[in-house]
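In the two assemblies presented below, subunit A is common to both, partnered first by subunit B and then by subunit C.
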Partner chain A sequence: MSRLRSFLPHLVLAAGAFVVLLPFYWMFLTSIRSPAEIFDVSLWPIPKDFSAGENFERAARQVPMARFMLNGAIVCFGILAVQILTAVPAAYALAKLKFPGRKLLLTLVIAALCVPMQALALPLFVGLARAELLNTYFAMMAPFFLSVFAIFLFHQSFRSYPDEIIEAARMDGFSEMEICWGLVLRGSLPSLAAFSVFSLVAHWNDLYWPMIVVTDINLAPPPLGMLFFADVESGANYGALMAGAALITAPMLVCFLLARRHFIAGITMTGVK
Partner chain B sequence: MTRQSLDIKGIGKAFGGDDVLKGIDISVRAGEFISLVGMSGCGKSTLLRIIAGLERPDRGQIMIGDTDVTGMDPSDRNLAMVFQSYALYPHMTVRDNIATPLRMRKLSLSARMPLVGRFAASADALKDIDTNVVKAAETLQIAHLLDRKPAQLSGGQRQRVALARALVRSPAAFLMDEPLSNLDAKLRAHMRDELANLHRRLGATFVYVTHDQVEAMTMSNRIALMSEGRIEQLGTPSDLYQRPANLTVARFIGSPAINLIPVEIATNGAIGAYGRDLGIAAARSHAGQVATLGIRAEDLVPAARGLQVQVERIEMHGADRFVHASLVADASHQVTMRLAASEALPSGDDGILTLGFRADRTHLFAADGQRMAEPSRRELVA
Partner chain C sequence: MSAVAEIDGAATATVHARRTAVERKMMRRGFLFVAPAVLLLLAIYVIPVIVLAGFSVTDYQLGALSTRFVGIDNFVNAFNDQVFMRAMKNTVIYALIVIPLGVGLALGVALLVHGRKRSRAFWEAAYFLPVTATLVAMATVWQFLLHPSIGPVNAAIKWMGFEPVSFLSDPSLLIPTMAMIGVWQVLGFNMVLFLAGLTAIPQDLYEAARLDGAKNPIDRFFTVTWPMLGPTTLFVVVTTSISAFKVFETVAVLTKGRFGSEVLLFSLYLEGFEYSNTGYAAALTLIFLAIILVLSIGQTVHLDRKVHY
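Moving on to the complex of A and B:
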């Protein structure tokens, strides 16, 4: 009975993991199968006809995969840099400085968390169109520069930084910016890692917004590029399509694995799920 | 060491309509060790933070030497503060922690930057800082810990690093906010000694906040006892012990706590408790009042006549014994007597003991808590 009790959670978690991982496994499986086997329902990892080379080669040759990846990297890191530059001082001020209206501002931040991106899409699109900024990197990045989620996450983590260290720093002559970046953010590196992973993954995988503001294939980030790719091939070669998908998923996987420890520490520490 | 006097003039502060400080005046002489003591919430920490510049007073003035620093930023006041939690920078080594106050004052912003700073700072300035850091570390016997991180140190060692960081900048005065309260009892006693020694050696001005009257009594030149945002008494430790200005001070200072007995003053000035004449008299002008008589534990002695008590428990403290007893006239009222361990306790089989005291060793407090003229001895009226 007690053996069962200790196994049961593992069993449930394993079942959950299986459900989550299956599509990825299927993607990888399809990417190494030949066209003849694509619709085979077997989960057996070794295809009869090993076509990985062919599929990946096609994916890399027929579409400017490197270009998509570069676009994705420019957009993601551009967004992340501005998000951190704006959210860290804002979160520090909300967490550690005393000023009138602080509670109200914090409430607004939390309220803004509830506004979905889609609700703002139309005005943003019209604005960008009027400013003739459609089909630019800026159009893909601008709506995400100010992240209330980042402010909230950093606020939660900065709040636990000891006040006495901040006061000691003030007596030693640190400026508020030095305290914010050099001490408080330094003490919250796990949250920074967690947020970076959240932000990079979300924007790397985002299809919705690039599809609205970008029609130029040279500016397309990976998911939009894949869509163009699928159109060009008009559904003919799923093996190559999945090979492309596997290629664009890989950087995110690496990114998560590198930051895994900090990521987990970051989300458990700040109580954000 | 550039020691300076410190003048606190009419400082008042309110938090959300709550008066935390109600006009505090203290004049700290250069080189003096002054303690601010009181229960938590009495305003002592707020006062220290106002001196440091971490909090702005609503009114009043802070002077360091001849300079008015009331509106200055904390870093411009040249004060060093030691915090209760030590507040060491967790990502820096001990060496960098101690060097930080000097770096902040002697190096430009560009020279403080990580990596590039190494090229922007002059070699002389860096060498000078390092010499001072090593000297401060040696003073506090932590030179062997310079390359460790704070997380690798024990509480006592962290305390020393915090002291070294304060020391290194040669401040006008040291401010300490309950620096010993996170240490265990033995280490606390040891650090108390060291702090007192450090003060003597440096001859610096110290303002020391504590809720522990023993720390205040043992280290200070003078003590300011605070309660509810006011100074109840400002004086030397023996002043506060031997001539407490009011009941609050009498209760706070001394361990075991002072014995307080409710008394009535008869028309002829005779002082009686629970209907018994105690053999002492107050000034005639106090006749007819209800008052409180305070007697220290060591001033109670077994005697032929006086207060009758029932012995309840005897506590052995090595050289001393504390005898805890209750009044026969009012069993709910406890008194404590301190006796040398060698002294016999002449209580009867029933545990009843009669305690006497000297009139000049008693303290009389009026109904409003203020000290009254000392009682005098008089012949007992049978």
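Moving on to the complex of A and C:
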């Protein structure tokens, strides 16, 4: 009885995990199976005919897969760099400097937290179209250059930095920039790591905005590329389709498995904090 | 007496002058540090919201030569627009499936995982995996899994002796099927929030409840866990409903709005960016924004508490 009791939770969890993980397993399995085995619905992990090479090669031939990944990396890191450059000084000033309008700015930041990107897409699109900037990396990145969430998060974290150390550093002739980037930010490295994960995952997976501003397939980030690919293949070759899906999800999945703690903290910090 | 007062006054004045100089310097630095963020805040949030409100009362079409002021016509039209109303209804149905299941199942999983010691990290990772995965790619995988003739899910259904289910071609099943994918994706996220809430409950409360006669785990759940998890549950419900109202990727991949399966964001996308009905789409966007803002009030209250304490 007590044996059963200690096993039961594991049993229930395992059944749930089977359903949750099935799509990943099936994606991987199909991507290494030959397309001829398409009617084989068994979950046996070793394919009769190992054709991973063929499937991945077809995925790369049909659409510029490597290009999608490169676009994704450029856009994600571009956004992250500008977000940090603009949010860190602003958060430092809000937390540690006194200036008129500080309260107002903080209120604006918190109000902006509630406004989803999708609500701003229309006027931003019209603006970029008028400026003839559609189909550029800039158009894909621009709306995310300011992360109000980053300002909010860093503000919370910077406030707990001791004022005495900042005063002492000022006496020692440190410039305000050095204090901000060298001292205060260094005290908030876990927040910086969590935010970076949050931002990279969000933009690697984003479809809505790239779908609006990009029609040139050579500029497509991975999700938009996947959509193009699914339309091209239209169910004809699931082996190649799953190989493409595996390639696109792999970077985030691998990083997640390597830095599980950071990932969970980063993605859920909107909630836990 | 007056001399002392004078000296005193002069000293205060110099201290005051020095302080204002320091303050002015700090002020200038403050402005300098927030300047990029303020400019971007204006360009990305403030001005677009004003422009959006402006569009919503016109019949502006991107590229059109003339634009008229139409007052609230766009909003009136929206509520008489069958397609938009269907999208609204679909989104509400989607949310009504995703919220209870996404929150309830996550709580169940969190309670089970919380009791594990050695295997906790493993279960956490397994259930969290869909949160990190690119939804567009995973939706394609689901399409294959649920395929009526070659998908393993229907193979299992047939093996059990039932008729195969056309999850993605039967119009009445489209929204529920996409809602199940939505639950699959949000489960791990909510589980982690619940785990954080569970960890924060002091152990001695359980001891006290045990002494007070709450002998079995179910009693203890209702006397301690459930009330203590209140704020977490509220927050999880709010974030889940916001993400449910923003459903887009699954529709874009699986149905493209066919068979009357549009959702709010998808119909907004079509009007604004495919048909270029900018004015009308702006009105729809404001309706969408109003829904999200009402839902986010709970979230902001939660975040705001951290600002003051």
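Following the convention adopted for this analysis, the second predicted complex is superposed on the first by the 201 of 273 C-alpha atoms of A that agree within 3 Å, B and C clash if a C-alpha of one lies under 4 Å from a C-alpha of the other, contacts with A are read in each partner's own complex, and residues count from 1 in each chain.
Here is the rule we use: contacts are C-beta pairs under 8 Å (C-beta built on N, C-alpha and C of every residue); 3 or more make two chains touch, one makes a residue touch a chain.
A quick note: this is a predicted structure, and the numbers were derived from the prediction, not measured.
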With the two complexes superposed on chain A, say which partner A:Val63 touches: subunit B (first), subunit C (second), both, or neither.
neither
Taking the superposition on A as described, I'd like to know which of subunit B and subunit C A:Leu192 touches: first, second, both or neither.
neither
Going by the contact rule set out at the top, does A:Leu80 touch subunit B (first), subunit C (second), both, or neither?
neither
Between subunit C and subunit B, which one touches more residues of subunit A when both complexes sit on the common chain A?
C
What is the contact status of A:Val214 with respect to subunit B (first) and subunit C (second): first, second, both, or neither?
neither
Mind working out whether A:Ala259 is in touch with subunit B, subunit C, both or neither, as first, second, both or neither?
neither
According to the stated criteria, A:Gly173 is in contact with first (subunit B), second (subunit C), both, or neither; which is it?
first
Contact-wise, after the overlay, does A:Val184 reach subunit B, subunit C, both or neither (first, second, both, neither)?
neither
Going by the contact rule set out above, which residues of subunit C touch subunit A in the complex?
23, 26-27, 29-31, 33-34, 36-38, 40-41, 44-49, 51-52, 55, 62, 105, 109, 112-113, 115-116, 119, 121, 123-138, 140-145, 150-152, 155-156, 184, 187-189, 192-193, 196, 235-236, 239, 242, 246, 248-249, 252-253, 265, 268-269, 272-273, 278, 281-282, 285, 288-289, 292-293, 296-297, 299-300, 303-304, 306-307
Would you mind writing out the residues of subunit A in touch with subunit C in their complex?
9-10, 12-13, 16-17, 19-24, 26-27, 30, 38-39, 41, 43, 85-87, 89-90, 92-94, 97-100, 102, 105-106, 108-110, 112-116, 118-127, 129, 142-143, 145-146, 148, 151-152, 156, 176, 180, 201, 204-205, 207-208, 211-212, 222-224, 226-227, 230, 235, 238, 241-242, 244-246, 248-249, 252-253, 255-257, 260, 263-264, 267-268, 270-273
So in the complex, which bits of subunit B are touching subunit A?
49, 52-54, 73-75, 79-81, 83-85, 87-91, 100-101, 104-105, 112
Could you please specify the touching residues of subunit A with respect to subunit B in the complex?
162, 164-165, 167-174, 178, 183, 186-187
